[in-house]
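Heads up, the next two complexes both have chain A, just with different partners, chain B and then chain C.
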Partner chain A sequence: MAQMLGLFREEEAESAANATEALEQAGYSNENFEILTGSPYPEGAFGEREVKHKLYVFPFMGALLGFSVAMLVTGATQAAYPLVVGGKPILSLPAMTIIAYEGTMLGAILFTVLGIFFESRLPNPNAGIYDPRITAGYIGITLTVADERLNAVEQLLRRAGAADVIVKR
Partner chain B sequence: MQQRVVLPQPQVNAELLKNALRAPLWYWGIMAFLGAIVVAGSVAVGFLMNKGFGLSGTNRPVMWGILIVDFVFWIGISHAGVMLSAILRLSKAEWRRPATRAAEVLTVFSLMIAALHPVVHAGRPWRIIYWSFPYDFSRGLWVNIRSPLIWDPSAIFTYLTGSALFVIVALIPDMAVIRDHTTGLKQKVYRALAMGWRGTPRQWKLQIVAGFLLSALLLPVFVSVHSIVSWDFAVMIGVEGYHVTIFAPYFVIGAVHSGVSAVVTMMILMKWMFGWGSYIREEHVESLAKLLIVIGTTWLYFFFVEFSFALYSMESQEIALREMQAFTWPYWPLALTFILFSYIIPIPLWLFRKVRRNFKIMFWTSLLVNIGMWLERFLIIVPSLARKQVWPFDWSTYHPSAIEVLIVVTAYALVFLLLMTFAKLFPLIPLFDIKEGQTLSDDIVIGKRRVPALRVEE
Partner chain C sequence: MHRNGHRHIPPVATVHEFTEDMVSRHAATGPRYRRAMLILGALFLLGVAGFVARALQDGFDDRLPWGYFAATVAYLMTTAGTAPLIVIGMRAVKAHWHRPLARIGELYGASTVLILAMFIPLLFLIPSAVNRRTLYFQSDGTGVPGTLGRIPGAPQVYDLVLLAALVAAGVGLLWVSSRADRAVVRDHKGQSPGNWRGLLRQWKVHKVGLGLLGATYFLAAIGFISLYSIDFSMALVPGWRDAIYPAFQSISGLQGGLATVLVTMYLLRKYGHFEQYIHMEHFWAPSKILLALCLLWFYFGWSTLIIYWYGRQPVERDVLQLLMFGPYEWFFYGAFLLCFVAPFTTLLWNSVRKSTTGPALAAAFILVGNLFDKLRLYAGSWSVPNEQINFHGLEGVPLVHYPDLLDVLMVVGGISGALFLFLWMARRTPVISLWEMSEGLRLRVVRPFLRTRLTVIGKSE
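And now, the complex of A and B:
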């Protein structure tokens, strides 16, 4: 088995989309190949599968945790030294609300960022075949190909308009 | 009408990474100049700590001087970034693309510098630990969470953490671009920072969703931060001029006014310094000026309400304070300059399209707004304390000392130095955002005209 990367020029996005169609006709489902681009393209522009994620769950988890920690810290610190001042209640709810608000938002933000990394599958230092030309505008199609089909798939990509095809064993 | 310059991706990379990959000689000259000011300022801070805060101009009853004024000012500037970036992102405003990164980075650095001011003002900064963190475990004493001086660090910490993470997340694709355009040790560093980014549809989708989600989360935080800063003053029931219920929205809108003006100043400087005329165009500055007309006028409304409600109270002490702010030396020239610079000169000028599209006039007028807004904070903080007590023998005034002035100047130099350092390491305009704009751009023909259009994502 080898990893293959077909590179299409920036202005040939349509050729890249045609290549994914040709790959599907050759028996590779859209779960077998991946598109690499240097900038975001509209979802499904190259016939790739829809991206599903659960990022929206993360801020809620973080918010709940942040709120709980903030209430615990502010409540417990006041209860730990129960000094009545001016006949006011020991637990000052308005003041606790302010810190709890910040704690909630901090938790939500931290968990969102963790979620972004987790759902983006980052960090991933050994992510597979790649070419620096991707960030210069080239559109890449990567897939894993059996040795005996290497030539056929390479020809398929070139016929579709690939400017270059790289193979990594 | 929007102009459009469609550029191939290699050209976008080359132009926007020009400074990060190979900085010109003038860049190092500016860095050396700013570095010298920062060194001088650091010496001043060291001297102040060694000899004591008596070297500042603060004295009873004016115990808050220009360091606190500057603290409020920089917190205000920090509001531009996320507010601008978040609102424009959420509303999918096309002209946001070259402005977002600079605004977000300005937020992070100005917040960092703002947070330094109270630390220096404390005189003995190590005691901040004593006030802000639980202490004296043996007696079970804890910080007083009823104090706004505890709300403040919690809000600033949340905002600073969130804004910094916002910048870092959006930087990952651009770090991959630098990784692919460098060699040797530099490449190794950027390879580690890019964390294996390849530009898969999943990564791009998460990047776009992250932009929206973090924007939505940071917007309420940004409102809370300056509200809480305003409560540092507003909850002081004993100080006329501070104890105002409208302070929270008044401070927030004032912060947005000065912050967005600072973004305009910064964008024009970036255009001039790095030659980014293809990216920072007249239409961008014009759109920001239109936004500023609305923001500035809303701010004026709050200013008017705050001032007139104070007079409407018919309290002799309150009226005396307002008279002092507006008519008594040395405050009246400051008050006049403040209102002229922050509204009367810039806003009517920005009503004219030619002015809005003129970089030079926009640069100077946006700078005027920030001079005016700095004076506004001075006029809120200092005169109110000068007349804090009822009896005239307790009245006094305040003159900043040379050391305080040097520290304030250093704060400006430090923010600029940090921004320039950032510009050497990372692109100040988000590459992928610009490229996405180019990908989605299109022209349509209506009658005999060809006009720009945009394919909008669902």
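And now, the complex of A and C:
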């Protein structure tokens, strides 16, 4: 097996989109190849599958955790020294709100940063094939190809309009 | 201008031209830039020296000598600290003109680290929540060793927690947004590839992450401004109970944040020669929001005044004297003039809004006015003796506390520190967002339409 990267010039972005269709016709499903770009393109521009991620779960979990800790801290301290103030209940929710808000924010923010790390697969020491021309505007299509199909896939990408094809074994 | 006086649409660069130009600009540092960093760095160090001298001279027992320092923290929070909010808001509503502004606002997110560093000493200067009216709990303050107050550490710990959250969001926002641009610089320098490769998955997470961090930054910033204004000014003045005040300071923060971005953008355009990418429309569009914020500043300020003015209780009159018409009246008049009258009368005219200089001038007024506003609020409230903290009202309005040399050093040093941090971070990541501008350039074309030309912008969602 080898990793292959087809590079398409920015002004020939249409060729990159055609290449993804050609790959699908050649038996590579939409989940077998990845597209690399130097700046964001509108979703679906290359006919790629919708990217699934769970980033929304992270801030939610963080917020829930932060909120729970804050409620525990405020509730426990009020219960630890039960003193009625101004006729209010011992566990007065309005007084707990600010600290609960802070805990919720802190948890949500920290978990969001963690989630971005995790969902972006960062850090990733085994990152796949890459070429600096991507950040210069080239569009890359990368996929893992069986040795016996290397030539065929390379020809496919070149026929679609790839300016260069790199293979890494 | 167009031949019949209509607006001229500047030529649109290609993504490649733009990227190459920005990377070459980023690689070179001009003598003016280095000189600015040197001067700001020196002023910041003088500010640090002023802080150390103040600590050695006056210690942390008396609040009075630290009023101007507390005002500086409030000023930085409501200018540099709120600058990212403008980008967050404009990005959320998908306003395309935010693209050249975006990184400017995000770079100021790094200044939250400086705000945190300056904020920590202030924690030793405000009283705990024990035995006084606070936002948190009316603590019992039994004074018996080993017994808990109702909530330990209030308000210091909780103010610190929210600021820590804000710092995490501000630094995180800058880090996430600049990852792709740092990869561009890295590749141009021929350095080894990092973890950012530009996978569609990475772009998706990048986009969603910016949205989430932006939303949480907004909530943390408004929360912190509210808490700081309550715990570090209002709670220190007996008789000052104003539900509008935290909201007023939040609006002041939004106004100051937008003004910070506009002035920085103007300086960047003029002295950084970014005329090709920063056009009149990038001043014109936010100038309308700035105009609305000036009106809101007046509305909230007026609401504060009118309630106390009509109340006319001795306690209320003393509060008005302290904050508006007494020892710090010139700061108040300066704030009113420069946060409302001058920018409002400037931005009222469409021909002024429709320029690069007009909105920048109005924004410069606001930045000075905002400083006056914070000086009157914090120098005033920090001049109230600590013994009065539980009184029903002020026992006489304190005399004016004029700034001494150390105060001036700390105020100038704090502001210079935030600007130094901005310039320093701008050496590490391009000052105009490459990925966001490239995306915008790709979605934008200029087309002829009858006898004129129109900009057509593609919207993907």
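Operating definition for what follows: the second predicted complex is superposed on the first by the 146 of 169 C-alpha atoms of A that agree within 3 Å, B and C clash if a C-alpha of one lies under 4 Å from a C-alpha of the other, contacts with A are read in each partner's own complex, and residues count from 1 in each chain.
The working rule: a residue touches a chain if its C-beta (ideal position, glycine included) is under 8 Å from a C-beta of that chain, and two chains touch if they have at least 3 such contacts.
These numbers come from a predicted model, not from an experiment.
With chain A as the common reference, chain B cannot sit beside chain C without a clash. Of the two partner chains placed by the overlay, chain B and chain C both lie in contact with A:A95. In the superposition on chain A, A:G86 makes contact with chain C only, while chain B stays out of contact range.
When the two complexes are overlaid on their common chain A, residue A:M1 makes contact with neither chain B nor chain C. Contacts of A:G103 after superposition: both chain B and chain C are touched.
In the superposition on chain A, A:I134 makes contact with both chain B and chain C. Contacts of A:T112 after superposition on the shared chain: both chain B and chain C are touched. In the three-chain superposition model, chain A touches both chain B and chain C at residues 10, 34-43, 46, 48, 51, 53, 55-56, 59, 74, 77-78, 80-81, 95, 98-99, 101-103, 105-106, 108-110, 112-113, 116, 119-124, 127-128, 130, 132, 134-137.
Touching chain B in their complex are the following residues of chain A: 10, 34-43, 46, 48, 51, 53, 55-56, 59, 74, 77-78, 80-81, 92, 95-96, 98-99, 101-103, 105-106, 108-110, 112-113, 116-117, 119-128, 130, 132, 134-137. Residue ranges of chain A in contact with chain C, taken from their complex: 10, 34-43, 46, 48, 51, 53, 55-56, 59, 73-74, 77-78, 80-81, 83, 85-86, 95, 98-99, 101-103, 105-106, 108-110, 112-113, 115-116, 119-124, 127-128, 130, 132, 134-137, 140.
Residue ranges of chain B in contact with chain A, taken from their complex: 8-10, 13, 134, 140-143, 145-146, 150-151, 154-155, 157-158, 161-162, 165, 169, 172, 176-177, 179-181, 191, 195-210, 213-214, 217-218, 220-221, 224, 228, 431-432, 435-436, 438-440, 455, 457.
Against chain A, in their complex, chain C makes its touches with residues 15-16, 19, 135-138, 140, 147-152, 158, 161-162, 164-165, 168-169, 172, 176, 180, 183-184, 186-188, 190, 193, 195-209, 212-213, 216-217, 219-220, 223, 227, 434-435, 438-439, 442-443, 458, 460-461.
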